[in-house]
Amino acid sequence: MLRLVASGPGPEAVIRLEDVSLRRGGRRVLDGLNLAIPEGGITAIMGPNGAGKSLSLRVMARLITPDSGSVQPAGTLSGPQDIALVFQKPVLLRRSVRANLRHALGVYGVPRRQRRARLGELLDFGRLAAIADAPARALSGGEQQRVAMVRALAARPRLLLLDEPTASLDPQATAAIETLILDAAHAGTTIVIVTHDRGQAGRLADHIRFLHKGALVEAAPAAQFLLAQKSPEAQAYLAGRLLL
Amino acid sequence: MQGFGDAFAAAFGLIVGLDADLVEIVGLSLAVTLSATVLACLIGFPLGALLAVGRFPLRGALTVLVNALMGLPPVVVGLVVYLLLSRAGPMGALGLLYTPTAMIIAQTILVTPIIAALTRQIVADLDAEYHETLRSMGAGAGARMATLLWDGRLALMTAALAGMGRALAEVGAVMIVGGNIDHVTRVMTTAIALETSRGELALALGLGIVLMILSLALNALVMGARVSAARMAHA
Amino acid sequence: MHRTILSLFAALAMTGEALAGDDALIVQSTTSTRNSGLYDALLPVFTAKTGIEVRVVAVGTGQALRNARNCDGDVLLVHAKAAEEAFVAEGYGISRADLMYNDFVLVGPPDDPAKVAGTEGIEAALAAIAEARAPFVSRGDDSGTHKKERALWGETGIDPDGDSGRWYRETGSGMGATLNIATGMGAYTLTDRATWIAFGNKGDHRILSEGDVALFNQYGVIAVNPEACPDVEAKAAQTFIGWLLSEAGQAAIAAYRREGQQLFFPNASGG
C-alpha cells in the first residue's frame, strides 16, 4: 500500500485552535472556538449551516487569519505543503490530469528528481492512469474530485482537510472518494472532513467534533457520538430538527 | 471617381500577377507587425498578469494608465519615437530612424497597452476562479501569474490578435518613423497612403483589399490554432 | 512556430542594423517631387553609376527642412528658395544650388464658375475667384507651393484669410491630398505641373491658368553641413549633388517624361 507520510509522534493533537474568534459582516461567525484535532485517523466536523465548519478548516489551512485566538500546529506541520485542502467543488486547471498533477508537484516544491516517480504513484493511488491524458475539465464531477484529492496528496501532507468533498456527487462517485480517504488515512495522513452526511461520518470517522454558532459543543469518539449525543443541539441536529 | 469595380480588379491583378513590389510590401508589413506583436506580448502578458494579481501601491493608477494608453493615437506614437530616434534626439547615435527596426519599436509601443489591458482582465477573471485553490497550495505571486497566464492561453491568443490587428492597420506611426521609403520602409498602409496622394484611388483601394485578405488569413490561422488547442484544454 | 518568429525578428533586426545608414544617402524632399515619379527615374541611374544607395523621405517642405535641421538627412531638395537660403545662412547647409524648375498651374472645375479661363495672368485669375467667392483649396501647410500661393495672393492685394472656412479652404495637407479634395468638391487650386500631370484622380478638372512668369517654380539642392551635423554622409552627398548638377544629371532630369510631357527643366548654372 502506498505510504504517503512518515510516521509522526504519538496520539496528540496535530493541530489546535485555541479560543479562535472571527467576525464577518458584523456577525461573530467563530466564537471562542476551541478545537483540537487528534493526530492520525479521521475526524469529522459536523454541525448545522452557519456553524463555522468551513471557516474552521480555512483557519487551519491559514487561508483566513482569525481576529483573536491562536492556531497551533504541531511542530511537524512546518510548511504549506504539510496541510492540504480539498474544496467541495474541484477547481482544476485547463490542462490534462497529468499536467494538473505535475503543476501541483511544482508548486508544492517537490524536488525535480522525485517528480516523475511521484506522478506515477499518484496516478496509481487515484486509479487515474486511464484518464491521465484527458482534459481535466472534461471529466465528470466525481472524476474531477478524485483528481483534486490526489493533487492534494501530491506533497505527502501530514494533514488533509476536506470541505464536504462528496456533497455534489452521486453515490458511486462518493464511494470512490471515500475509498481514497480511507486509503490515505491508512497510509498515515491525518484527515479532517466536514460533512452533513451522518452515514458518511459513520463509515469514515474515528472522532467527531460538533460545532454550533461558531463554538465547539461536543467532542467524542465517532461510534459513541452517533449512537447517543450528549448535547441537545447535537441531538436536535441528528434528529433532523431545525436548529437556530 | 473610379468605381469599386476598378478596385477589385486592381486587387485581383496584383494578387494573381504576384506583383514583385506587392510581395515585398506584404512581406515587410508582416515582418514589422508580427515582430511588434510578439514583442508586445512578451512585455504585455507579464505586465497584465502583474496588474491583475499583484498587490502594490499605485496598482490602480497604473491600471488606469495602461487602459488609457490603449487609445494612443498612432501618429502621436510615431512623433514621440521620431523625436527619440532622430539624430538630434537622445538615441540618434543608434541610427535607427527610417529603418524597419524603428517601425517595429513604434508599433510595439502602440500595441503593448492593448495586450496588457486585455491580459489584465483575462487573468483577473481567472484569478477569481483559482484564487483560493492556488493559495491553499501555497503558490506565490509568481507561480500564480504563470499558472493563470497558461490557463488563459486561448483568450490571450485573441488578445494578441487584437493587438496585431491594430498594428497591421495603422499608418501614422510607421509613416513618420519609417519615411515610407521605397524598397526599405514601405508597408501596405503607407503604400495605400502614397497611392491615394497620387490620386490612384483604385490601386489604393485594391491594396486595401489585399490588406484585408491578409488580415483575414492571419485571423483564420490563429482561429484554427485556437480550435485545436481548445480541444486539448477544457470542457 | 516560436523559432520562426524569433529568426524572423533576428533577421529583421540585423537588416535594420545593416540598413541603418552605413552607406545609404538620405534625401529629404517633398511629396510633390516624389509623386511626379522623378526619383524613380533618376535614382537607379545614379546608383548604377556610383553604387551609392539613395533613400528619399518625402514629406511636406516644412517637415523636410525641420528633419534636415535635426540632422536626419544628408541632402535637402525642395522648392522654397527663401527658406532654403535661410537654412544655409543658419549654418545647416553648406551652400544652395539651383537644380531645375517647372511651373505652377491653376486647375479648376469644368464649369469654371469664376470665369478664370477668360483672364490674363494668375493675379487676374485669383482676383476673379475671390470676386466670385468660388471654392478654392489651399495647401495651408507652409510648403513651397503654399508659400508661392500666399505670395501670389499678396500681389493681388487680396487677403483670403478672412474667408478661411468659407470659399477659401485650407487643407493643411500634401499636394496629392489637396488635389483629391479639390476635385472632390469642385474647387480651384494651385498645383505644380509635374504633380498634376502624374495625378491619377483628375476627374474633369483641367488647367485654367498657366504660363504667367510669376508661376515659375525653382527647385534647389543643398548638402547638409557636416559642421552642424557630424554624422552626415558628407562625401556621398557631394557625389550625389555633383552628379545632379553635372551634364549627365541635368540630361537625365530633362529626359524624364510623363504623359509625353517634360515635367522638370534643368537650370543648374555651370556646375
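Letters A, B and C mark the chains as written, and numbering starts fresh at 1 in each.
FYI, a residue touches a chain if its C-beta (ideal position, glycine included) is under 8 Å from a C-beta of that chain, and two chains touch if they have at least 3 such contacts.
Predicted model only: the values in this text are computed from it and were never measured.
**Student:** Looking at every pair of chains, which two share the most C-beta contact pairs?
**Tutor:** By number of C-beta pairs in contact, the leading chain pair is B-C.
**Student:** Which chain's C-alpha centroid is most distant from that of subunit A?
**Tutor:** Checked the centroid distances; the maximum from subunit A is C.
**Student:** Central chain, going by Cα centroids?
**Tutor:** B
**Student:** Please work out the Cα centroid separation of subunit B and subunit C, and write it as a whole number of Å.
**Tutor:** 33
**Student:** Compute the distance, rounded to whole Å, between the mean C-alpha positions of subunit A and subunit C.
**Tutor:** Once rounded, the distance between the two centres reads 80 Å.
**Student:** Centroid from C-alpha atoms only, then distance subunit A to subunit B, rounded to Å. What do you get?
**Tutor:** 47
**Student:** Touching two or more other chains, which residues of subunit B qualify?
**Tutor:** Correct list: empty.
**Student:** Which of the residues in subunit B come into contact with subunit A in the complex?
**Tutor:** Residues 129-130, 132-139, 143, 147, 150-151, 231-235.
**Student:** Tell me, which parts of subunit B touch subunit C in their complex?
**Tutor:** For subunit B paired with subunit C, touching residues are 1-2, 31-32, 34-35, 38-39, 86-89, 92-102, 104, 179-182, 184, 196-201, 203.
**Student:** How about subunit A: which of its residues touch subunit B in the complex?
**Tutor:** 61, 63, 79-81, 84-85, 87, 91, 93-96, 103-104, 106-108, 135-139
**Student:** Show which residues of subunit C lie in contact with subunit B when the two form their complex.
**Tutor:** Touch list, subunit C to subunit B: 5, 8-9, 12-13, 15-17, 19-21, 26, 31, 35, 40, 55-59, 67, 69-72, 174-177, 179-180, 183, 198-203, 229, 231.
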